[in-house]
Structures are given as C-alpha cells and as structure tokens.
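One chain, chain A, appears in both complexes that follow, with chain B as partner in the first and chain C in the second.
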Partner chain A sequence: MDIYTLSALELGHKIAGREISAPEATQAMLDRITATDQTVKAYLTVVPEQALAQAALIQQRLDNGEQLMPLAGVPMAIKDNISTKGLRTTCGSKMLWDYVPPYNATAADRLLAGGAVLLGKTNLDEFAMGNTTETSYGGITTNPWASDRVPGGSSGGSAAAVAAGEAVYALGSDTGGSIRQPASYCGVTGLKPTYGAVSRFGLVAYGSSLDQIGPLAKTAADCGAILAQIAGPDSKDSTAMPAGRNLDTTALLKSIEPGQSVKGLKIGIPAEYFGEGLQPEVRTAVEAAAAQLAELGATVEPCHLPLVEEGIATYYLIATAEASANLARYDGIQYGFRPTGQAYEDLADFYAQARTEGFGPEVRRRIMLGTFALSSGYYDAYYLKALKVRKLLQQGYREALSRFDLLIGPVAPTTAPKIGTTLSDPLQGYLADIYTVAANLTGLPGLSLPCGFDQIGLPIGVQLIGRAFDEATLVRTGVTYQEATGYHRQSPAL
Partner chain B sequence: MSYETVIGLEVHVELSTASKIFCSCETTFGGEPNTHCCPVCTGLPGALPVLNEQVVDYAIRTCLATHCAITPLTRFDRKNYFYPDLPKAYQISQLHKPIGRNGHLEIETAEGLKKIGIHEIHMEEDAGKLIHDPWEDCTLVDYNRCGVPLLEIVSEPDLRSAEEALIYLEKLRSILQFLGVSDCRMEQGSLRADVNVSVRPVGSQTFGTRTEMKNMNSFKAIGRAIVAEAKRQIDLIEDGKTIKQETRRWDENKDSSFAMRSKEDAMDYRYFPDPDLVAINITPDWIERVRSGLAELPESRRARYIADWQLSEYEAGVLTTHPAIANLFEETATLSGRPKDAASWMLGEFMQAAKEQECEPQDLHMPAQSLATLIARVAEGVVNRNTAKKIFTQILENKVDPDAYIEQNGLRMVSNPDALKDKIAEIIAANPQSIVDYKAGKTKAMGFLVGQVMRAMQGKADPQLLNELLKDALDRA
Partner chain C sequence: MSQTQHPDLGNLDQQGHLTLDPILVKKVARLARLSPNEQELDSLSHELGKILEHFQNIEALETDNVEPTYHPQDLLDSVRPDQVQPSYDQSVFMELTPKHKDGCLMVPRTFE
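Then we have the complex of A and B:
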C-alpha cells in the first residue's frame, strides 16, 4: 500500500490508530513530490523541514492523547493565494513573489490548529484569474493525466497535487469555478462552499463577493471532513455568516459516514446545462451520473434555469470590477514588486511601471475591464446591470431549488484542453466557465465529482449544486455516488 | 453691483473611538510612526475590514443632534484612487447610502436665528500621513492614522458670509464635543473643513460657479479664505472674466490661494459598494438606545445655568463653549454648593490659565473636588482670595491637594487678634512717619501699613480683621 493513494480520512484513521505515524506519512508524501513534481509542477513552494517538524509535533500531541481533528497528521497543501504566516504567498505573481504574510488565513489556521501538516503552497493562475494555471509567474502546472494538458484553474496546482498523490488533500479557492473545474479536469473531488460558510480572511481577494475557500480531495467524504474543520463564523470576516445562519457541522459530519442514501432526494437536471459546445463524452458521462443517482433512489427530473449564458458576462463584469479595486493596493509602495534602478517621472509613472511589470497580461486585462465597468458613464450600463442580472439569477436558482434538493450538470463543457490553446483565445477561455459561475453569482455550494473519462482517458466531472448552507446534502450525495462508482479511485500513471 | 457670497462647508471630524473603524488598532494621536497598525489598516493582501459599531453609535448621535434622517440600511462604498498614504488604493467611504441626510443646525446670527441645512453625514476611514525627509530627499509613510474613523458633515450652500460660516463651525464643533464624538482639535487634524464658495448678484436665484478651498488649519484661516475667495471671484466678474470650477489650496502665509486642479482633471473615483462589508441594519431600537444615552447639548445646559443658578447670559454662554469647561463648572458648583463662585473661578482663573498655556481646557489638571475645596476654604475664611489664587496655580502645575497644601505651607489665615496685635505694634513702632501721615489725614498711610503687616505675616492675615485692628491701633497711637 502506498500512503499517497489513501484518502484523507483513511490516512487520518491510520494515524489515529498508530498504524502509520505522522512523520512517516509526511516523508512518504515528500518522496512522492520529489518523484513526480518535476513533471506536474503543482507546487510553487515545498517546505520539507517545516513539514517534518510539524508532523513530529503532531505525533507528539497525538501520543499525549490530545484530541485533534480526524485529519490530524495528514499532509496537505494550500493554494498560494491563501495567506500562511512566515511562508511566502505569491498568488502566482511577480508582484508578490517575495511577499511573506505576517498572519495565517483563518481557514489555514483552523486546519493547522486541528493538526494538519502543511507540505507547501500550490500553483495557480496569477491572482486566481484564469482556468488553466498557465498564467502563473511560477510557470505552468501540467495535468497529471496527460502532461500536454492543463490541470484547469485557477486552483490547478491544488487539483494536480491531489491527483498526482503529492498532497492528500488541498485547499483551493473558487471565484468562478476555480475549485470545481480543475477538480473535474484532474479527476478529483472539489467542493465550493456556500458564500459565507468559510471565512475569507487571509484569502488574497480577487472578486470579494464571489471568492470562497474550499477543499480538493480524493473523496466527497474527505471534502466534508475538511469543510467541517474550516467552516464557521469568523470575527475577522463580516461576510462569514454568524452561527445559526452558517452550515450545520453536525449534519455535515453525519453525511460523511458510510452507508448514506439518496433515496427520496429530488434532483433537477437543467436543460440549459447541456447546450452548444458541450463535448459529447461529457454529456454522456454526466447523464450516466444522473442515471446512477436515479438508480440509487433519487428522483431526477428535467428543469429549466434562466440566464445561464448571460451568467458569464455577469460574472466577468462583477469579478473584474471588484478585482480592479482589490488589486489596486499592489502599487509598489508598501510591499511587493517595485521597479528598481529605473527612473520614473512622477508618482503616476512609478505606479504605471510597478503595475505594468509586476502583473502579467491576463491580470492587467481584467483590471482594465473592471476599471472600465466602474467608470463614470459606464457604471449603470455595465456594473449596475450585472448586479441586476445577478439578482435575477439568484431568484431563478432559488426558485429551482425550492422544487429540487439539488441540481446536476457538467462542471465544464469539455475535458482538459491542451496547454496553450486557451491563452491564444482568452474569450473562448472565459466561455469554459459557463456552468460554474452561477454557483458563485448565487452564492450556492457546488460539488465536483469524477464521473468518467473521455476517449483519450481524460477525467470528466459532474457538478451538483445545492441549497445555501446545505453542504450536508451535497456531500451525502457525493459519498453515496462514490460508494457505488469507482471513478474517484482511478489515478493517473505517473 | 453688489454681490452675495454663497458658502457650503464640508467638515471632516475624527471620531474619538478607542479603536479604528475597521480593525482594533488604537486611534491615539501621535505615537512612533507605524506602531498603531495591523494587516487590516495597512491593507495587506487578504486582510478584511470589520466595522467598529461604536463608530455607527457616534454617527447616529451626530445625526440625531443635527436632525438628520437616518438611513435604515446604510452601506459602505469604495472610493478608488492611488496615493501613497492610502494603502489599499481605495478609501472605504459612503456615497450611495450615507448614514444621515437632510438635517439642519440653527445658528444665531446678527439677523437672528438661521437654519443651515445639512445635506448629508457619512462615515469613512482616514488615510495615513506622508512625511518628507529633507536629508534623504525621500517621502516616508506613517500608517498610524490609517483607518481612524471620520465623519464627513456636508452642509447645504446656506451660509452667506465668513461670519456665518464661523458661527456654524463653532456651533457644530461644540455639538460634536458635547456629544463626546470628537475632540475637534484643528491643530491635530481631528477637525478639517473644506469650503465651497461662489458669488452672485444680490437678488439672483441661481448659483454662481463655485470653487472648493482646501488646507485651512484654523477657523481664522477659514474666515480669511472665504473673504479672499469671494473677493477674487467678484474681481474676475467685474473684469468680465469667468470663474473656473476648480479646487484651490489656501496658503496661510501668503494670505491667498492657488488652483490645485480644475473640474476637467477631477478624478473618477469609481465608487461601488464594498463587498467586504455588509449593509448595517440600523433598527429603531438602536436609534432609541443611542437617543436615550445622548449627552445634554450646550443650549439646554446654558438655559439650565441661567434658570437654576442665576448666571448671566454671558457667563452661561462662556461656560458652555466646551464640555470640559461645562462639566468642571457643574461638578464644582454642585460639590461646593456655590455656583456663582464656581462660575467666577471658571471664567477668571481657569480660562486665563487655558489661554496662557495655549491648551484645550480638558488638558488642564483641575479636579472639580480640588476647585470646590478651594472655593469652600475662601468662603470659610481659611484662606483669602489671593492665597487661593496661588493654590489654584499649584493645583494646575503640581497637582497638589488644596487642604494638604494649606497645612504643609501654613497658609491658614491668621485670625487670632492677639497674634495680629503684636505684629501691628511692631510695624507701627518701626514706621513712626506713617503715624504722622495718618493723623494728617493721608489715607495712603493706612494702605502702606496694611501691606507691611501682610508681608510680615506672609499674606496670611485675615484682611478684614487686620483692617479693624490696625485702625484701632492708629487711632489710639
């Protein structure tokens, strides 16, 4: 048995039962990273000494009989836009290449406090802006299933690390599909929680009203266990919902136990999620997943959702508008990249140089888009209109979810594209987010589950969208589905 | 042609909450640069603002005192612009849903009471401070002030002269001070005002083109800037030139202003709702809670002083210029049971000391208990008024306890006739000429001898008794 093939709950169980020690598990993962990350390039930073020291400490605490989380001692990775105290957090950008945060993100803090062992920080599209992990200043991460393919993005490093066995699980962030889509491309399970379920404190903001931290792991049960550890109110984030309005952790933890059922669940399958441009194998696999759930006792019925296509424009207007302000702080004054040895005429010239050189082309494109959308004279036509469409979308999804417990559809229209194809046509790249952005615009939770492979062996993902703060039903459905299928148990030959 | 000046004021006040508006850093003025900072107020990646509810409480107080309608779901917006003192490159402010709107203040002008409209009141965060280092020829940033809560109070263009503007400002300042929401110290920047000025022919109903004046650091400067700007605009009109809508900077040393930027270069701040902060639900209960705890405002106190303590309009007015003065006065009056005496000390020695030390009244060390004791000792005849003045200074300067100081320094008035008689006899014996003068009807001689005895007794003689005994002795001599 290779340690790196175990799920997080399996490994956590073995560590708790003294079958495997935390340092042993950590060493095994570090060895795996050494063996495969030269190809996958999932990590921007690996911290072997720190990880082993942390593992030894956790082992000691376990040996002392301390009560830690079920995943204590399990080695994991964190996306490099989630702040880690004393450990550089680059956001995949030249701008923050040497930036070391003085504090931990709340989600990271809660995992570390529960006994997680941090292996390192994973690659991403620069500032999480992209869906291929090709725009990082740290280079391209490859898909563990095919090294000429992208892993998806922006949490491509996290997804690839889990798929390659270089991390037992990882944290990602999802603004328009950035957890679910790479999970789908890499054949792992990814969960975007309800907006407000997990504190955003310490997550370097891209689109603040859309961003959410969530887990990527081998199983839906793992995702549930990780979410239970990181979710909950946080006095440092006013958009993290207070207790009572947040998710029910007890129900969530119950949903990860074996022997779950989907009997009686009503699942809607929106016709609009099977539109033009959907790869036939993706359609077949997703329909098969729906049929599988029906066979397991759920009722699956066709339904309709409004404004699915308009969702993309809405998403890109709101996300870029917020990003234009969120990224304005990277001006070369206080921290981050600053042009040196160059003359600048005045303050404006200094800012222009710092930001032109510090940011890559995609980030600059989105900052300009967002700046335009908020500009005097265009605000009403673009930003305000996008807010109105967002309201309508929210109403439409709320209405659908009043009749169904879950909605089912593809995560992405296609399997992982070849490296280079998306960057050559950015607009086409934006369209790949069509099925994922709605969960962010509506704030609803979404789960991506492996549900098959295309003809050349690339993984396909199915997406489940649930009611706000009802992650328990999502996870329960995922657990039931994964007990009946084996797609999530497949791993790439590396 | 004669012209009318139209003035509107934008007043920024720093709120005196203990911590900043979106983090728990302290707001204390001064301090080593960059010591009152954290990831939130320095805009580090991933840090998020969380609203300090005390700021909302203070804003509600101000809205209630200025009769503003309070927005039930008030919200913050981001105001985007690049400047090194603004670490996030946006200021969290309010544009779309400010906390208060449509209020007013009544001011007393030479022509009687006048209502000045308050257009809106909004909450926002302050920026940092840039300090130029001439030795290194570089500019340094101090983020201590970043995130200190501000209220911006925007008046309607209802003011018609520099005098009115100053009356309005003084009134607003005293209300804010009495509410306890700001110390309003212009020299520390906790009160700043920008002035919008335009002129128009008397009788005209349309407004002229306005300019905005910044950088006045005293009320006096504001008055002068208004007068100078109105004159500049009138001169332009008279010369057949047009007034440009622009922002101007006041230069106190040159007593004139210069253009900073024109309307054409006005920045596009791209305001939009801050997604990091949720709308604040100001419930009627919340407003009532604040209303019930609202401090008594100067007007009401003034009326009370006149009615209950028979002070004059003038005395009551001066005593209510600042809450520190009013509070000290009231406490002293109550403790000593002698409001008239308390008023006299406050208007005299206390105000004099504040003036001499060029400080705010709350910075003077004068516990009400000490002042009340002093008043009581004078009334009881333990010390005379002159000695009391010296003790007053000792309280201010050395924080002495008046009773202890009187005892330690033997300042009790000598009202023992025997002790006085001995001293009088000594002095008379030493000054034979004075007796001659006195007998010759020169009253000055009496004064001279009183002074001599007083000096010999280190000022502790009961003056009334001394007078009697001395007169007696001289008549018998």
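Then we have the complex of A and C:
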C-alpha cells in the first residue's frame, strides 16, 4: 500500500490507530513530491524540514493522548494566496514573490491547530485570476493526467497536488470556480462552501463578495471533514457568519459517515446547463451521474434557471471591480515588489511603474476592466447593472432551490485544454466559467465530483449546487455517489 | 453591438468588433495606476473592447426596479465587543516594507 493513495480520513484513521506514524506519512509524501513534482510542478514552496518537525510534534501530542482532529498528522498543502505565518505567500505574483506573512489565515490556523502537517504552498493563477494556472510568476503547473494539459485554475496547484498524490488534501480558494473547475480537470473532489461559512481572514483578497476558501481532496467525505474543521464564525472576518446562521457542523460530520442515502432528495437538472459548447462526453458523463443518483433513490427532474449565459458578464464586472479596489493596496511602498534604479516624475508615476512591473498581463487586464466598470460615466451601465442582474440571478436560484434540494450540472464545458491554447483569447477563457460563476454570485455551496473520463482519458467532473449553509446535503450526496462509483479512486500514471 | 449604444467607447474594427478608444484606455490606465506601453495599449483596446462587447448581453435585461446586491448573504451588522486586543508590534509590519528607516517608510525622492 502506498501512503499517497489513501484518502485523508483513511490516513487519519491509520495514524490515530498507530498503524502509520505522522512522520512516516510525511516522509512518504515528501518522497512522492521528489519523484513527481518535477513533472507536475504543483508546488511553489515545499518545506521538508518544517513538515517533518511538525509531524514529529503531532505524533508526540497523539502519543500523549491529546484529542486532535480526525485528520491529525495527515500531510496537506495550502494554496499560495492563503497566508501562512513565516512561510512565503506569493499569490503566484512577482508583486508578492518575497512576501512572508506575520500571521496565519484563520482556515490555515484551524487546520494546523487540529494537527495538520503542512507540506508546502501550491501554485495558482496570479492572484487567483485565471482558470488554467498558466499565469503564475512561478511557472505553469501541468495536469497529472496529461502533462500537455492545464490542471485548471486558479487552484490548479492544489488540484494537481492531490491528483498526483503529492498532498493528501489541499486548501484552495474559489471566486468564480477556482476550486471546482481544477478539481474537475484533475479528477479530484472539490468543495466551494457557502459564502460566509469559512473565514476569509488571511486569504489575499481578489473579489471580496465572492471569495471563499475550501477543500480539494480525494473524496467528498474528506471535503466534509476538512470543512468541519475550518468553518465557523471568526472575530477577524465580519463576513464569516455567526454560529446559528453558519453551517451545522454536527450535521456535516454526520454526512461523512458511511452508509449515507439520497433517498427522498429532489435534484433539479437545469436545461440551460446543457447548451451549446458543451463537450458531448461531458454531457454524457454528467447525465449518467444524474441517472446514477436517481438509481440510488433521488428524484431527478428537469428544471430551468435564468441568466446562465449572462452570469459571465455579471461575474466578470463585479469580480474585476472588486479586484481593482482590492489590488489598489499594492503600491510598491508598503510591502511587495519595489522597482529600483529608475527616475520617477512623481509618486503616481512610481506607483504605476511598480504595478506595471509587479503584476502580470492578466492581472493588469482585470484591474483595467474593473477600473473601467467603476469609473465615472460607466458605473451605472456596467457595475451597478451587474449588481442588479446578480439580484435576478439570486432570485432565480432561490426559486429553483425552493423546489429542489440540489441542482446538478457540468463543472466546465470541456475537459482540460492543452497548455497555451486559451491565454491568447481572454474572452474565450472567461466564457469557460459559465457553469461555476453562479454559485459565487449567489453565495451558494458547490461540490465538484469526478464522474468519468473523455476518450483520451481526461477526467470529467459533475457539479452539485446546494442551499446556503446546507453543505451536509451536498456532502451526503457526494459520499453516496462515491460509494456507488469508482471514478474518484482512479489515479493518473506518473 | 451597435456603435450607437455606446458611441463614447470606441470604434468597430474590420471584423466588426468594438475597439476601445485609446484615449479612454489611457484614462482608465491612469486611474488604475498602470502605465502600459503603446503595444499594450493597442492590445488592451482590442481585448477590452471584445470583452465589453460580449458583456452587453446584460444591457437589455429589465432591472429598473431591481435593488443592487452588494453581497451574497443578508448580512447583519457583525460587530465584536469593543475591547482592547493584543496586536502586532509596528516593527513586525515595518520589516515587510521594501525600504524603511527609524520606524518610517521610505519613498523615492520626487522633489529636488
């Protein structure tokens, strides 16, 4: 048995039962990283000594009988836009290439306090702006299933690390699909929690009304266990919902237990999610997943959702407007990249030089788009309009989820494209987010599950969207589906 | 997209796609504190034009009586007790700055 093939809960169970020690598990994962990451390039930073020291400490605590989380001692990775105290957090950008945060993100803190072992930080599209992990200053991550394909993004490093067995699980962030889409491309399970379920403290901001931290793992049960550890109110983030209005951790933990059922669940299958541009193999696999859930006892019925295509414009106008404001803090003076050896006309000129040199082309493009949408004369027609369409979209999803417990559809229109094929046309890249952005605009939770492979062996994902803070039903459905199918157990040959 | 919808945005190129007016792109770049070179300005005119052209699919939607949504959740005012909490020493953050001296940020000289 190779340790890197185990799920997080399986490995956690073996560590708790003294079958495998935390240092042994950590060494096995570090060996795997050494063997495969030259090809996959999932990590921007690996910290072997720190990980082994942490593992030894966790083992000592377990040996002393301390009560830690069920995933104690399990080695994991964190996306490099989530702050880690004393450990470089680059956001895949030249702007923050040497930035070392003095604090942990709350989500990272909660995992580490529960006994997680941090292996390193994973690659991403610069500032999480992209869906291919090709725009990182640290280079391109490849898809473990085919090295000429992208892993998806922006949490492409996290997804690829889990798929390649280089991390048992990983944290990612999802602003418009950045957990679910790479999970789909890499054949792993990814969960975007409800907006407000997990604290955003320490997550480097992109679109603040859309960003959420969530898990990528081998199974839906793992995702549930990780989410239970990181969710909950946080005095450092006023948008993390208070107890009582946040998700029910007890119900969530119950949903990961074996022997779940989907009997009685009503699942809607929106016709608009199967429109033009959907790869036939993706359609077939997603329809088969819906049929499988029906066979397992759920009621699956067709339904309609409004504004699926308009979601793209709505999302990109809001996300880039928020990004243009959030990224205004990078001025080359307070922290981050600072140009040297040039003459400047004034401070504004210095800021412009620092930002033009420190940000990559896609980040600059999005800042421009967002600045335009917020600028005088265009604000009402673009930004305000998008905020109003967002309301219509929310009403549509709310109405659909008053009739259904879950909605089912594809995660992405295609399987993973070849490296270098989407960056040349930014609009085409944006359109690929069609099925994922709605969950962010509405704040609803979304789960991406492996559900098949295309003709050349690339993974396909199916997406489930649930009611706000009802991750328990999402995870329960995922666990039931994965008990009946084997797609999530397939691994790439590396 | 027809030119008459937003005549102030730019012109249509030979393929019939919107190209943003370079003066507008320069103005936005100045607001964004970015300084694209001439080649980048030209690319941005085309790319942003094409993107905004597509985004006009939300223009026709009836939203006159719709309230804008700034946030996905119906958030209450979320406040914590007004109590003094330990925080970081100023020096911790000063160490993160590219240049500092005697507890102050250093900026480039802009006056002679």
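The rule is short, and it goes like this: the second predicted complex is superposed on the first by the 494 of 494 C-alpha atoms of A that agree within 3 Å, B and C clash if a C-alpha of one lies under 4 Å from a C-alpha of the other, contacts with A are read in each partner's own complex, and residues count from 1 in each chain.
Methods note: contacts are C-beta pairs under 8 Å (C-beta built on N, C-alpha and C of every residue); 3 or more make two chains touch, one makes a residue touch a chain.
Keep in mind the model is a prediction, meaning the values are calculated, not measured.
In the superposition on chain A, A:Tyr195 makes contact with chain C only, not with chain B. Chain A is touched at more residues by one of its partners, and among chain B and chain C that partner is C. In the superposition on chain A, contact is made by A:Tyr351 with both chain B and chain C.
Once the two complexes are overlaid on the shared chain, A:Ser375 sits against chain B and chain C alike. By the touch criterion defined above, A:Ser238 reaches both chain B and chain C.
Look at A:Ser402: by the touch rule set out above, it reaches neither chain B nor chain C. When the two structures are aligned on the shared chain, A:Thr89 is found in touch with chain B, with no touch to chain C. In the superposed pair of complexes, A:Asn64 makes contact with neither chain B nor chain C.
In the superposition on chain A, A:Tyr335 contacts both chain B and chain C.
Once both structures are placed on chain A, chain A residues 99, 102-103, 209, 235, 238-239, 324, 328, 331, 333-335, 347-348, 351, 371, 375 are touched by chain B and, in the other complex, by chain C. Contact residues of chain A toward chain B in the complex are 81-83, 89, 91, 96, 99, 101-103, 105, 200-205, 207-209, 235-239, 321-322, 324-325, 328-329, 331, 333-335, 347-348, 351, 371, 374-376, 379, 383.
Residues 39, 42-51, 78, 80, 82-84, 87-90, 141, 268, 270-272, 275-278 of chain B touch chain A in their complex. Listed in rising order, the residues of chain A touching chain C in the complex are 99-100, 102-103, 195-196, 209-210, 235, 238-239, 241-242, 307, 309-310, 312-314, 316-317, 324, 328, 331-338, 344-353, 355-356, 359, 361, 364-365, 367-369, 371-372, 375, 377, 381-382, 384-392, 394, 426-427, 430-431, 440-443, 468. Per the touch definition, chain C reaches chain A in the complex via residues 6, 8, 24-25, 27-36, 40, 44, 47-48, 50-52, 54-59, 61, 63, 66-73, 75, 78-80, 88, 92-93, 96-99, 105, 107-108, 110.
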